[in-house]
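Can you keep this structure in mind? I'll have questions shortly.
Chain naming follows the written order as A, B and C, and within any one chain the residues start at number 1.
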Amino acid sequence: MAHLTVAVSEATFIRSFDLLKRNFVFQDSDLQDHGVFTLGYDVKMHLEGGTVDLRADNTVQIKELDIRWDRLKVIIGLDIPEICVGGGCINMPWPIPDICLPRICIFSGDPDVSISPDFASFVAQEISFTGSLDARYFDASLPLPSPDPCVPLRVVPLTTNNQWQIFLDPQTMDIDLFDFPDIVGNLIENALTSAITALIPGGWVRDLILAIIGGIADLIRAILDIPDDIDEWLSDVFNVSFGLLDFIGTLVLDFFASCNPIYRIDDPFEILPAASGLIPVRIPIRNLSVRADDLEMVVRADVGA
Amino acid sequence: MVFTDRSDLYAAVHEDGLNRVMRHIMLQRPSLFNYATPFFAQNPDLLCVPIKAAPEVFAAGNPLFTVQSPLPVLGAAQPVGLNYCVQFTDVQLDFHDSDTIKLPPELGELPPQRFALRLKGCFGLGCLPDDYYTDLIPLEELFAVAQAGKERFSFTHVAERQPRDPIVPPARRLTCFCLELFAVLHFEWGKIGTDDYLKVRLDGLEIVDLQPVEMENIIECYAEAVLRLGVLPRLSIKIEKMVLDITALLRQQGIAVGQQISLQPAPVPAAVPNNPAVEDDQLKVFVNLVVTP
Amino acid sequence: MPKKNVLLNRAVFSVRPYESRALTVLTTLFHHFSEAGNYELFVRRGGAVIYRAAVLVGEAGAQQQINLDLATLAQERPRDCCDHDDGPRYVLGVNSVMGFYVSQGTGAYSVEIARTEHKERRALDSASLIPAGDLFAVTLVRPGVYRAVEEQSGAEMQIRVAHPDPKSYRKGEVTLIAFSGKEFKPRRAEIVSGHSVLFRCETPARLRVELLDAAETGTRPKPGTRFTVRRTAPPAAPESEKKSSD
């Protein structure tokens, strides 16, 4: 029989997971240059809700953990192509060669427009995963990996003590794809249209420019190379091009599986504090193991000799 | 078997584990189990039982024993003290139902929810060799004559001078004897300040077959006082430590989100019949989480 | 994407007569080099020469067309008149053309081309007349009815500039018009805003294109949007043309 047994009820485990989860914050930004347009994001998220279920097979199932976007800014910059009048070539009778007229451009350069709307309130996603409980020994004398992937994720401060650490170790994770609603497509189109329109004078000049660029809506689609709805395109961009889903998934996996133990126990473990100049009394903890069933988490260990 | 059907947290320590814990306490805090005059700091080899200590104790310069004043020689006009030591060793615990410690008949059968303690208590005294008497007697006579007529022993007078430091002749060897002590004890929760602690309480103590009986009783009386007032209060364990402080992170992260999380013993008998419980060769504690928003 | 400061080329939208004797934004003069030889090019603005260059015509395989933006010409240092190896020089083939246009600004320019050996033999003096064989192009952006006039003969023609339709708009359309010395052929032309008319002069000519009647536009400028329109005082258009432009 193990010398020490500590059991944590499912309710307490849920509370521990909830507090750890509430400290998870992810933020990132990136800007990709695609030549005629730039695409980027500036996002910040945290986790909320979800259900936690301890299961008899020594696993913990986390379902429907909400990704709450505090900021989900989409940055779209368009490099409007040159807008010019004139130009064109004409065949001339001999001996005059074919003549090409110069183009006179309406702007001194090719103008840029950029928008960065925040769609945090339009996107709802959930994460679900099942992880096993894993007890690992942290040897504080060993150097951390370099670079340390946990630096941006560590909410449980690093310890200077050796420790037994209990991690929730998910192997796989399901994350809802980004699915921007139709209204997001409309908002983007309207914002880009407004930004482009602001560049163009009114009246017949606008008519001419719009004719040259073929209409703003078409121009936007042509520049962004969008075959269909903007919202579907944006969803694809977030799901695939940005690699954000993979990134978030990896971060959440690392957050729980590698960077932040849900419980930790010092080794040696202090049972009597230092007093009146006397050193604290510590006992070595050996052979620590953890197991979950559907009602509780049980940790067993021995006291070292 | 579900451990936490009646509380948020549960912890159990098997008696084998607790005996190991006791050994670590004795090694890391030897001064709790050894008491001696300062003379033994330079002469530890004269102690009744050599003191074993963890390297950390030596590294920190912690004492191996708690320093005591020399045993006064009664009536000496010039105070004289004798070196002595008291040492507790070979501590062994046995939880109900007892199977390793056979209690003496005076203590009866170990009751439920109690645990037995067996330890050895050694007393050593540095007796004066004859040559010390040769030197000390003339001195005492001189002081005795000088103080003649002064009511030195009156309880109603304050001495005119501060008492002199006693002469403590160095011991060349110690005369030791060891007694085996048996005790019945139990655990209970109690506050120290505002915090909950697991405390050890002594129910009975017996020294086996010492004659005359009154002498046995006197020694038992003193040993009980030493344990109840001197040793056991310093072995109280904070409630968080009983669950291996497994909620330390929970408390820290609770503070980060404005929640005050503390631990409390599960109520008896509303939640559990015994808390702490001593049964199945284990000490069991049932603890609840108290969350204050 | 770093933000750029982009300026609207307001001269494009300034309404003014377009004249061959004063080259401005939206006009282009093409000189046809029908003879091989060494030429001297002078560009004037406000009567002062701002740019000189040598033009060598005759090399086989040389370019058939060079377009020179008069607004961006920068003379690093005065060119020695007789040193052909010094300063800018352009090499063209026989029967090539050299185009002179103004990409931006409100300046008016004229161009003079003369034989290097016989400076009195001017091949071109745009401030005076366009020689026979040369061409003058105007890109018209403001929808409405325009009149093209050859000032020596008084010959006229009408150019109707239609509103662009974003769905069918094609860039770079050019309509060729011949001036025979007495008349334009054809006498009416219809183009779309942003397209060009190219006058081919069979005799020396001085051409002017001016707006008679601006067409109404469907899109009004937003309040607060700044846009400058320079008024012109075009001659009254014939009644019939006025009606047709309504």
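We take it that a contact is a pair of C-beta atoms (placed from the backbone, for glycine too) under 8 Å apart; a residue touches a chain by one contact, two chains touch by 3 or more.
As the structure is a prediction and not an experimental result, all values here were calculated from the model.
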Contact-richer chain pair [A-B vs A-C]: A-C
Innermost chain by mean C-alpha position: A
Centre-to-centre distance between chain C and chain B (centres being mean Cα positions), rounded to whole Å: 112
Between chain B and chain A, distance of the C-alpha-averaged centres to the nearest whole Å: 58
Chain A-chain C separation of Cα centroids, rounded to whole Å: 57
Multi-chain contact sites of chain B, meaning residues that touch two or more partners: none
Chain A partner contacts - residues on chain B that touch it in the complex: 2-5, 7-14, 16-18, 20-21, 24-25, 28-29, 31, 56-57, 60, 62, 234-235, 237, 241, 243-250, 253-254, 256-257, 259, 289, 291
Chain C contact footprint on chain A (complex, rising order): 31, 33, 37-38, 77, 79, 84-90, 92, 95-112, 114, 199, 201-208, 210-212, 214-215, 218
Sites on chain C touched by chain A in the complex: 1, 3-4, 6-9, 12-13, 25-26, 28, 30, 32, 34, 64-65, 67, 69, 95-97, 99, 101, 103-104, 133, 135, 137, 139, 141-143, 163-166, 169, 171-174, 176, 192-196, 198, 200, 215, 217-222, 225-227
Residues on chain A engaged by chain B in the complex (per definition of touch): 1-12, 15-16, 19-20, 22-23, 155-156, 261-266, 269-272, 277-285, 295-296, 298-299, 301-305
